[in-house]
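Starting off with a structure, shown below.
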Amino acid sequence: MYDSTTTRVVRGVLIGIGIAAALIFFLFPIYWIVLASFKTKLEVSSPTPLHLFQFTPNLDNYAVVLGLKKQGPMAAGSPGDFMGRLVNSIIIAGASTFLSVLFGTLTAYAMARFRIPGKSDILFYILSSRMLPPVVIIIPIFIMFTALGLAQSYVGLTIMYTVINIPFVVWMMKGFFDEIPHEYEDAAMLDGYPRVQAFFKVTLPNAWPGIAATAVFCVIVAWNEYVFAFILNSKAAVSTVPTFIAANFQGTAGINWGPIAAMATLFVLPVFIFTFLVRNHLLRGVTFGAVRR
Amino acid sequence: MADTAPTQTLRREAITELPPIAVRSWNPSDGWLAFLFTLPTMLLLIFVGVFPLIWSLYLSFTRFSAAKPNIAPEWVGATNYAKVMTDPSIWSVFVFTAKYVVIAVGVEFLLGFGIALLLNRAFPGRGLITTLMLLPMMLSPALAASFWKLIYEPQWGVSNFYIKKLGFAPIDWLANQHITIYALALVDIWQWTPFMLLISLAGLSAVPRYLYEAAEVDQASAWFKFRHVTLPMVWPLLLIALIFRTMDAIRVFEYPYIMIADQQATQTIATLLYRIAFRSWDTGLSTAFAYIVLVMIIAMTNLYIRYLTRATVR
Amino acid sequence: MTDLGHESRGSGSVGDALARPVSRRSFLKLAAAAGAAAGVTSLLGLTTAAAAPARVGAEAPRFAPLKAGGTLTFVWIDWVPSRLLESLGSEYEKVSGWKVVGDYVGATQWHDKIFTEFAAQTGADIPIGDSQWIGEESVGGHIMELTDWAAKNLNLNDINPASLKSYGEFPDGSGRLWGLPCEGDCLTYVYRKDLFSDPNEQANFKAKYGRDLAPATTWDEYYDIAEFFHRPDQGLYGSAMHFAAAYDAITCNFNQIFWSNGGELWDGHNKVVGYLNSDAGVAALDYLKKLYKISPPGSGNWWFNEVNEAMAQGQVAQSINWIAFHPGLVDPNSSKVGDKIGFAVAPGTSKAHFVCLGGQGLQVSNYSKNKDAVLDFVKWFWTEETQTKWAKGGGLTAHLKVLNSPEFDTYFPWNNVFKQTLPLLRDFWHVPEYAKMLELQEQTLNSAVVNDTDTKEALDKIAQGQQDILMAAYPS
């Protein structure tokens, strides 16, 4: 009602162009990888790039990855155990995301609402666990986990991923809780609700964008994590997909582009689906009533 | 939820000074809740952190190689630290990493927030388009590095095919050590702008609509709304995202390692650390190096956090 | 509106009890207690592990009768030879009741995995690694010395002596054996038969250079042919070689050109200055720089995969690569020019002829719980029968009888080349410090070639740096 139609149309077109440009930039390499999963090895590294209708797609790579077809002896490795690894990845990433979001959110809430002695020190300590490059702690972690029987198990790696993700959840959720006026809970508590119920009734619904965003990121981190998975869970029964992809990467003929692309495509799907499912929580526009501070 | 909030007395006043956030209602039973809520987190972090901390800190003052555990560590005091500080080649690694971080994170921040602003409106397919934009982040960095290396290849890569078609000479993205930093940064930007996008969107989604409505009643322009409503509310979250993204960018490993392994002029902190720890197996030196990097990161995040506290305490 | 800042008392006795505000001191005490508990738990777990039985000492084991049943693991890259080893292992299982299973790892993580597991005193029973790793493995106490056992249980005369030395002997010249050859490999010369036998090309080449177009036997010939086929506008280049700074990419090529020019890398102990940066070094580095200028764009980052790719796509006329990757070149599924590939011995010079050694040897982990079974397997692996199967399946054996049998050449088109190259093979340092020395050499050579910096300066830098490393480890 304040902008003329022309302005709005022009703005709409410009925004549309912007979004389209961003989509092209982000999706082109993805498109390239998905395409590669339907190509033969020679087609993938063809000097003339082969786009969507310039080659005959085939499902060989997927068949190989899923164990439905054996590769010739010259192509190394025998993917085929992919699904088992995928299940492992789902279990470990799912459990660690759940735990890190749960513990992290609780801690963040406490940090945002309560008076805690040494709060900023504690927060900084939590942040600092994200600061060391993993290479330094790989060996002591491996020694420690092997001694405690946590290596080669779901539990050990889940603990590791939870620990890796908690700092992000704590800081992010604290930021979100800081933005949610505490007056809501106070009002609810004045009405007689205990703190915990006030949290569920009032605060949590407003915190969903934050929780969804952090959950998505935690899933991605745990899903793609390689270094600890490689060292701690090297046995096939408990190993995750990233190590599997790395092990099948190099073939005798060169890099196994086709099967790797197929694995990458299959591996991205669950995360994509998860994000798609929570998109509404991610993007909700908040229209709740007012409390003026 | 909105309907149960008892306060319907919405007074449309101009935005005045806000009371400091530090004032909170304090319910004494909260003391134990606070402890309980923080406990699992702290237990986990300490449990996993104690041994590596002691192990690596102790070893940073010794000469020791984890590949030769049968030879006991030999105490050498601060020699490793001195070696790191005085080695001229290490300085160039810091400089290179710093340049990389500034370029990559800077662009990610601006681009991510910018695209989030574009997406912060209702339109058909918004959920799907947003999820699609997050795809690069969902790929593992190692895979991204490998495929981008394929894209960059002068002889059979997509990028150079079109560059040659446009009439230019093929760009040697990775071997030409002047361009390498931009080639690497581009991959980082491609993969992690969605991260800034994700956080920005979540932050923008959490800005209460009524604030916009109030501003519109006062006939505020789009710029005013952005500057005085959107930005102040989203800024703290952006800053947190920035902190994490910076910390991760400083520790970037897969892109240089997979795309340009071992090139002299383009080593990053993480690849150098890896080489000292896992090629030379000089455990003492690598742990000392890691702690020096840690101190630098702590100093930097302190700056960020100071901005953050200033931004939240209005 | 809510009156902020008031403390309201909770109801109920429990509520009252819990209602005291938590002071900073008591909170910190609690937190410290919790933290200490967590810390102590983790440390306790470790001390129990540390009290576990100590590592077996370095004495040679006695060869005891087998207990049947169980699994032996080896750790290697996932490729044809390792799959072959596993399938041979299933034959061993029929004989002995022991399963042999591969613990596969990606090429770039291979070294890390083996040594990280060593650091925690676990890992596969049979680590299989590059020949240069023997030094650090033995000095670190991770592998079993095989000298006595091999003397009693193997016919060492059947093993090609140069291979045995390279994959097993440490220190050099001591006669002490720490491993055995597993898979041989070397750099070979790959060329396009069709281009070389084309009459037009032959005529033009003869006109320009005054000799016949034939696979190069010297590096100068190699360069001439490369120059001759340098046709960027037609999408054809004359040569593809490893120039990357990764691991040992450019060094292996440099080394063999260097040795063929009469150079010595070091004095075998701790001197490098005067050896590496001699005239031979200058000749070798200058040659590489010259060659780089007519190599395809992007070569500065090329290693075996890219060189293979260039060859397979038909973009280069010659290349130098490891035999390990040759199968891909002749397979029509991964090569456009599969039927046009020829193999020959890598070039040398009129002064000398040396070729860089590759391949892996197998060792016995000191942390293995099944040493007897491992040794039995190794003994079985080294019988002529098994080595014949190994060669037939694509493994490059070091067993002399199998190598010299007339059938050997028929198994694969490059086998004959491998055999011819064997006497020319040479390896570089085995000492534990090799990694640091290699890194320095790699980076400096790559930088000098790609950035066209001063040759003598680069070589002096490498020589001095390597000597410093060696002097620090072996002062006298």
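Read from first to last, the chains carry the letters A, B and C; within each, the first residue is number 1.
Here, contacts are C-beta pairs under 8 Å (C-beta built on N, C-alpha and C of every residue); 3 or more make two chains touch, one makes a residue touch a chain.
Just so we're clear, the structure is a prediction, and the values are computed from it rather than from any experiment.
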Give the chains in contact with both chain B and chain C, ordered by label.
A
If you average the CA coordinates per chain, which chain's centre is most distant from that of chain A?
C
Most heavily contacting pair of chains is A-B
Distance-wise, how many Å sit between the C-alpha centres of chain A and chain C, to the nearest whole number?
34
Chain centre separation (chain A, chain B; CA means) in Å
14
Overlap residues in chain A, where contacts from two or more other chains coincide:
45-47, 116, 139, 143-144, 183, 186-187, 246, 249, 255
Hey, what residues on chain B touch two or more of the other chains?
7, 24-27, 29, 31, 34, 42, 48, 51, 66, 153, 155-156, 278
Among the residues of chain C, which are close enough to touch at least two other chains?
1-2, 4, 22, 27, 31, 42, 46, 108, 116, 119, 309, 313, 315
Touching residues of chain C toward chain B in the complex: what are they?
1-2, 4-10, 15, 18-22, 27, 30-31, 34-35, 38-39, 41-43, 46, 55, 108, 111-112, 115-116, 118-119, 121, 136, 139-142, 243-247, 296-301, 306, 309-310, 313, 315, 432, 435-436, 439, 442-444, 446-447, 450-451
Show which residues of chain C lie in contact with chain A when the two form their complex.
1-2, 4, 22-24, 27-28, 31, 42, 45-46, 48-50, 77-80, 82-83, 103-109, 113, 116, 119-120, 122, 235, 305, 308-309, 312-313, 315, 324-325, 327-329, 331, 333-336, 394
Residue ranges of chain B in contact with chain C within the complex
7, 23-29, 31-32, 34-35, 39, 42-43, 46-48, 50-51, 65-70, 153-156, 169-170, 172, 174-177, 257-265, 275, 278-281
Would you tell me which residues of chain A are touching chain B in their complex?
2, 15, 18-19, 22-23, 25-27, 29-30, 32-33, 36, 44-49, 103-104, 106-107, 109-111, 113-116, 122, 124-133, 135-137, 139-141, 143-144, 159-160, 162-163, 166-168, 170-172, 175-176, 178-180, 182-189, 191, 195-196, 201-202, 205-206, 209-210, 212-213, 216-217, 220, 223-224, 226, 242, 245-246, 249, 255, 257, 260-261, 264, 267-268, 271-272, 275-276, 279-280, 282-293
Mind pulling up the chain B residues that touch chain A in the complex?
1-8, 10-11, 13, 18-19, 21, 24-27, 29-31, 33-34, 37-38, 40-42, 44-45, 48-49, 51-52, 55-56, 66, 111, 114-115, 118-119, 121-122, 126-144, 146-148, 150-151, 153, 155-156, 158, 161, 190, 193-195, 198-199, 201-203, 205-210, 216, 219, 233, 236-237, 240-241, 243-244, 247-248, 251, 253, 269-270, 273-274, 277-278, 283, 286-287, 290, 293-294, 297-298, 301, 305, 312
